[in-house]
Amino acid sequence: MIGLSHYLIVSAIIFSIGLVGVLRRRNLLMLFFATEVMLNAVNIAFAAISHYYNDLTGQMFAFFIIAIAASEVAVGLGILIVLFKKHGSLDLDDLASMRG
Amino acid sequence: MLEPIHVSLESLNLITLAPMLIAIAGGLIILILDLINGKLHKSLYVMMTILILFIDFGAVLGLNVNERGFFDVMLIDGISIISQLMIIGGSMIFIPLALTSKRFHEYSYPEFFALFLFMIAGFQFMVATDNLILIFVGIETASLALYTLIALHNRSNSYEAAVKYFTMGALAAAFFAMGSAVVYALTGSIELYKVAEVMATRLNETGLMIAIFGSSVLLLVAFSFKLSLFPFHTWAPDVYEGASAPLAGYMSVIPKIAAFVVSIRLFGMYIDLGVEWVRIVILVMAVLTMTLANIMALVQNDVKRMLAYSSISHAGFIMAALALDTTEGNTAIFLYYALFMFTNLGAFAMLWISRHKKRRFDKRYDHPYEKFAGLVQIMPMGAVVMGIFMLSLAGVPPFSVFWGKIYVMQAAVNAGYIWLAIVMALNSAIAAYYYLKLVVYMFLKDPVKDVDIVYYNISKPLMVIIGFATVATVAAIFYVQPLVSYLYYMISASGY
Amino acid sequence: MDNILSILVFFPAVAGLLGFVVDKESARAYGITVAAIEFLLSLWLWFSFDMGNAGMQFVELIPLIPDMGISYYLGVDGISLFILIMTTLMTLIGMASMGETKNIKNMIVTLLFLEMTMVGVFVALDAIIFYLFWELSLVPMLYIIGAWGGPLRIYASIKFFLYTFTGSLIMLVGMLFVAYIYHNLTGVWSFAITDWYALVLPVDYQLWLFAAFFVGFAIKVPMFPFHTWIPYAHGQAPTIGSVILAAVLLKMGTYGFVRFSLPMFPDASVMAITPIAVLAIIMVIYTAMIAYAQKDMKQVIAYSSVSHMGIIMLGLFAMNAEGLSGSVFQMLSHGIVSGALFMLVGMIYERRHTKLLSEFGGLAAVMPKFAVIFGVMLMASVGLPLTIGFVGEFLVLLGFYHVSPVITVLAGTSIILGAIYMLRVMKLVFFGPLDNEENKKLKDLNARETWSLIPLVAIVIWLGVYPKPVLQPIDNSVKSLLVFMEGKARTDEAKDMIKTAKTSTSIQEAK
Amino acid sequence: MENLVYIALFAPFVSSLFAALFGMTERKIWIGVVASMLLATSLVASITLAYTVYTTGNAIHVTMMDWINAGDLNIPFGFVVDQVSVTMMTVVTLVSTVVHIYAIGYMDHDKSFNRFFSYLSAFVFSMMILVMSDNFAGLFIGWEGVGVCSWLLIGFWYHKPDVSKEENPSVSPSWAANEAFIMNRIADLGMLVGIFVIYWNTGSLQYDEVFAQLPYLSESVLTIAAITLFIGAMGKSAQFPLHTWLTDAMEGPTPVSALIHAATMVTAGVFLVIRANPLFAAVPDVSFFIASLGTFVAFYAASMALVERDLKRIIAYSTLSQLGYMFAAAGLGAYWIALFHLAAHAFFKALLFLGAGNVMHAMHDELDIFKMGDLRKKMKGTWIYMTLASVALAGLPPLAGFWSKDAIIETAFNEHTYFLWIMLVITAGMTAFYSFRQIFLTFHGEDRHTALGFHPHEMYTFVLVAMSPLAVLATITGWFMKEYEAFITKLLPQYEMSEHTHHLASYLGLIVIFFALSGIAIAYLKYARTGDKAWKRDEKIESSFLYKLLKNQYFVPKFYEEFITKPYMMASEVFWTKVDLKIVDATVDNIAKFFYTSGDKTRSMQTGNLSNYLNWMAVGGVMLLVIAAISAMIG
């Protein structure tokens, strides 16, 4: 029987995968994907818990997260495009003119 | 079958939503104006924004304390009112800084002002609710708008700053969402007052402590990022440097006020529940933040970057007050920011007037100390004013930040954290060095480059704003009393 | 004029603000006039001061931030009265004798602001107001040292500022803690010093608080080992800066001990006698020896300042009226004498642009007036009877003898060591053949310089011969302070140690 | 009477101020005249007072005003004119009047003539305060005042450069002045401590109140008070080991040496012991120590005078030696004899110095007696005066020195301190020898000066006339010893010789005279003869150890130089450069530097690379989670 804890474990694993993605990826686009993965991991958790408590709030939260993730991507990609125009690269390591 | 939902309009108490709606509507009006006539001057938008904020301010003033509305999602308590007032007030003195004598193209876009208003609405949502969803939505609304505002400054540094801020912000959002999920899992609720009730009953269940700690950590990471606490502060110097000077000044105050309100609600809840661990972690982080940011600020070559580190340090200072979790501690947060706001915005505005449209001072920095060398000979009043801001930031009485500082320290002493007060005192002493460094450059050194480079960007509105900030900084002693008693009243009224 | 203290505090500040408008050429005359008026006002304060009353007079109390217990609270007693008058006097004379010509207007304005802060410190009866003026006084001084100073001026000014600032922040924590205790006991927030006097604190609290205040005051005094900022500050500061620094700013530290530490923490003060006496002895002997090794005239006087402050510190902790009155009197004496000495060094520096002892010799022949005044001040500095320097030093040593003969003898070496380094300066500068060509052309003091020094010479002798007009009000306040301390002390040890004067019982009854 | 007291006291002060007014203007002889007249006024007032005190037997006590009042301490400016102080006043004003007049002649070519009179009168004023004060604090005012005046006057010729001299450690007047001042200060500290002891145990500093309290004080308090006060006396009266300054003080103008370093100031120590006689009488051990030290110094100084070549330094050593005699008397309880010797000594020693001044004036400041000889033909008056004074000094009857000195030696015998007696007798012989060695080398024997290009001439007549009162007094003072005893013992304790001593008195006197005469005889044989038997410098003697020892003043100045001055200088240097700058200051700077460098290090976390930032964030988050997990498991 698949219970709440299984969902939560899956969610945690996906979240960690996303986190590792954020840490390891050098391409900004990939990085954005990784954060999306993390947010979606949270969605899984919310949906599962919502079901567990028989309470709709969690699912509402999940919907909001989806919406926000979408707008985040919109804004993020916009910034990425101007950055790419200016720098011609999306590599993180090229992006270190300010330091110290 | 589901019953149809009957909701009376009255029970929605829509008035609690009015301030945010005004801001959003104002943003839309500006966009519509642009559709009708695309050639309007930025001064119109600036004034429009001020007017809208003025109405917003009035709407907030008109709210009653301790009300709920809109399906009990909105929470209008004392701190939400005072924080909204501070957010709007701060924004009102920020926005005229767009009226520089040189044209910076971001201000000629009406979108800038619309986004700005949306951002304010986002902050207002953050502070006026104890629902985690709405907090999340508020944070993201405000942040996404802010990322864009930074990027609009159209310099390669600005894009870099925006990207850094954005990426880390997205990670923080994920942490916040995960934290909320854990809280939800623990309590079955995302309304903080219910969360507190449920958690109080479950505190003693075995094995749950790790989940409670875990939830607090996830939320803490998210807010530490917002508040730029060590080690989540790394974005701040770069973003401040990349953003335009006024925006950097703005970022060091207003978003932090909003984040602090949420932090008071969240972590105050944990500490009230008796989870001392959270207090300890916050205290440690606060001390680390103020100390490390201070010593990093010592070695900066650029005034703007120095101010960035200094505002990190100030945030650490205030975070310590939050950990006290006393009414005085919470009052201290608001008092400090109220007093810090003028000085800090004033200081950044002073940087702003020295900004050249294209030319930078040198390859790496735009506001190195050398730029201000001998300012007293070039622009005596400017030097005096900047000197006053620096002394205020250093905590020299009777300038404004000093009163905030002693209030925070007094709160620490009263809560029995004398060591904390001493750490704060020593940190203020370290901090004095880098503020003094600028004073030394301005007053005690001779100019290094051509004398005309310093005030390209000055204009009447900027002078008015700086004058206002100066008066507010110098005359703080006279308005601290009403401010303190109002803040204290509002905060104790809302039970914090 | 019940609000004369407020006038005294803010008159220079207002004058300073208006001074921005005054024309550059007239700035000096403006500054001197303002300082003179301020001095006359302070004299007026003296004449209307009730000599028989040992308590606070001319009290003004306006609540400023009642929620935090902060009020605008001023008052003056026999101890602060004369330090205040000395402050206004030294500002006036320092300004009058000033030879500085660069940026004279800024200097005048800065000095006037500095005067406000200095007067403010000595009349403040609210701890936060005291702290406010205390900190604020650093800023003009920073500017004076940093803008008109020598080659190392920036290092010196920052060191001065940060060192004092650090110490006073610790003191601030102490103040906040006292306020907290006061609130706990009475339910009222108050930073009024007179309210704080009523607190009877447990001994361990007293010790901690004493330590916190000590850090703030000791750095200002400056006590060994916190003294190293002062050679730099003096060495780099322009003459007027050194004059004010030595004459007034250092007194803030010792004044702080009298105003805060002694009455608030009598038991801790008694316990601190030995450690403080040891530090004081080190100050006296060690810095006197260092002064002897100096190659720069001004540094000799800078280190001698530290040495004399050691004597003052010793007197403060004599716990009897003789020592304490002597100590307060010595503050005045040191203020005037070291101020005058710094002025004299400044005058020679203006002529020769060097302060190195090796550059001089035989100046008595070309500058007899200068030599005579220097000689008088030198003798006052080494504590010759019938000069102002003797009265304080004698009383301090006399007073402390009651506490510890051995320490007194060690501290008394100050009269020997002081003579050693001062006479060395005299010999190297004024005596011997006049063999440096550049010195042969030196002009003696001009009228401005002479007339700004003569009042000081007159005071040095007047108060040496007849100190009573000044000493008596001081003594009155000191006696009642001791009676108060004895009454408040909790430990028997402290009660034994604090020796009230026999003549002070009448005052106690009268109260 | 009060007015007289004030006139006696303040006339010198007025004189000093008057001269000071013209201190920076050019030399005016009439200033010297006015000053001398004011001094004479003071002298007349003092004599009148002396007469009053003599006739009435009562002391005059005046209180001018308050000085220091703090706590329970009350110090007034009070003055007392009693037998002791009036003696001192008379002696001081007399000698100083003579010296003032003398100085008009002596200093007539000095451009700082006016300044000199200002200092000199100021000194007299200080000395008057010292002797007239009715309390210890007032005494201390005078005490320090004379110290400063002595400093000013020794260093009067401040412009002289520093010169290293092989046999003479004093390098310049200003050096000698500083030495004198500092050494006196060392002693003054002792004196101050004595005052403190007295105050805290008796509650007062007035002589009468203090002495009234003495019987109630414990032995140890009395001992400490006596010792510390005597330390003060040792400095001013140049007793071993604080004696080196006195000979160096001869760098000053000769009138100064006569007045300050022979007749008045240096006797202040003796005066103190006499003044505080109830205290010293109460502690016999300390008194005996004083007597022993006095005897030792008498011998010690006389021995150094034996080989000295410098005219003034010889007299200075003799002063030291005579001060030793006075202390011996005072220490043995014969206070009035000490005072009597003090007065007599003042007269003949001042005369001797002034005579030496005449010689110096004639010899253009040459002081080496080896370069003189046979001056008596050219300077008859001076020769007579100096011989007279030397006879008095040598202690030959009927001159003053004999009576007083003989009384002291007799006292030593009377007290059964035979060792002291023997020493004092031997010293008397040595005194006679060196005094006449000096006279003979200067005025008799071969003419050595002409060859060296000196053309000496006699001093102005008015100067010689002015010196005559001293000559008269040096002669006759001793004749009035009995009367003086009657006068002074109304205040000072009687000193009765025992029956035994009384019997032997004349024998004892003869022994002293024998020693003195032998000294003179040896001196005559060795130095006064001319022709073949004329004196020649003897290399062998001069290279002997004993000669060198004496010549170098027992190496005491060298010892001070090597073991006090130089180490002090080195320690000061080390404290400054090594301790203060390298340790204390460096610590402060290093704290600041520590923050700065750690800032530099911390700053490196701010790489600018977003990836690192994200790592920081993630690592921070994970760390917090780990800590949370651990603490949840523990707690």
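Going by the order they are written in, the chains are A, B, C and D; count residues from 1 in each one.
The rule is simple: a contact is a pair of C-beta atoms (placed from the backbone, for glycine too) under 8 Å apart; a residue touches a chain by one contact, two chains touch by 3 or more.
Given the structure is predicted, the values throughout are model-derived calculations rather than measurements.
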### Task
Check every other chain and keep only those touching both subunit C and subunit D; list them.
B
### Query
Which of the chain pairs holds the record for C-beta pairs in contact?
C-D
### Message
Can you work out the whole-Å distance between the CA centroids of subunit B and subunit D?
### Response
78
#### Entry: Separation of mean Cα positions, subunit D and subunit A [Å, integer]
96
### Summary
Expressed in whole Å, how far the mean CA point of subunit A lies from that of subunit B is 25
### Query
Which whole number of Å gives the spacing of the CA centres of subunit B and subunit C?
44
### Query
Which subunit A residues touch at least two other chains?
22, 31, 95, 97-100
#### Entry: Residues of subunit B whose C-beta touches two or more other chains
163-164, 167, 171, 237-238, 433
### Query
Multi-chain contacts in subunit C: which residues touch at least two other chains?
162
### Query
For each chain, which other chains does it touch, given as pairs?
A-B, A-D, B-C, B-D, C-D
### Message
Using the touch definition from the top, list the residues of subunit B that touch subunit A in their complex.
### Response
132-133, 136-137, 140, 144, 147-148, 151, 156-157, 159-164, 166-167, 170-171, 173-174, 177-178, 180-181, 184-185, 188-190, 237-238, 241-242, 300-301, 305
### Task
Using the touch rule from the top, collect the residues of subunit C that touch subunit D in their complex.
159, 162-163, 224-225, 227-229, 231, 286, 289-290, 292-294, 320-322, 325-326, 329, 362, 364-365, 368-369, 372, 379, 382, 384-386, 390-391, 394-395, 397-399, 401-402, 405, 408-409, 412-413, 415-416, 419-420, 423-424, 426-427, 430-435, 465-468, 471-472, 474-475, 478-479, 501-503
### Message
Show me the residue ranges of subunit A that touch subunit B in the complex, using the header's touch definition.
### Response
8, 11, 15, 18, 22, 28, 31-32, 35, 38-39, 41-42, 45-46, 49, 52-53, 55, 57-58, 60-61, 64-65, 68, 71-72, 75-76, 78-80, 82-83, 86-87, 95, 97-100
### Query
Which of the residues in subunit D come into contact with subunit A in the complex?
603, 606-611, 614-615, 618
## Note on the structure
Seen from subunit B, its contact residues with subunit C in the complex are 391, 394-398, 402-403, 406-407, 409-410, 413-414, 418, 421-422, 425-426, 428-429, 432-433, 436-437, 439-440, 443-445, 477-478, 480-481, 484-485, 488
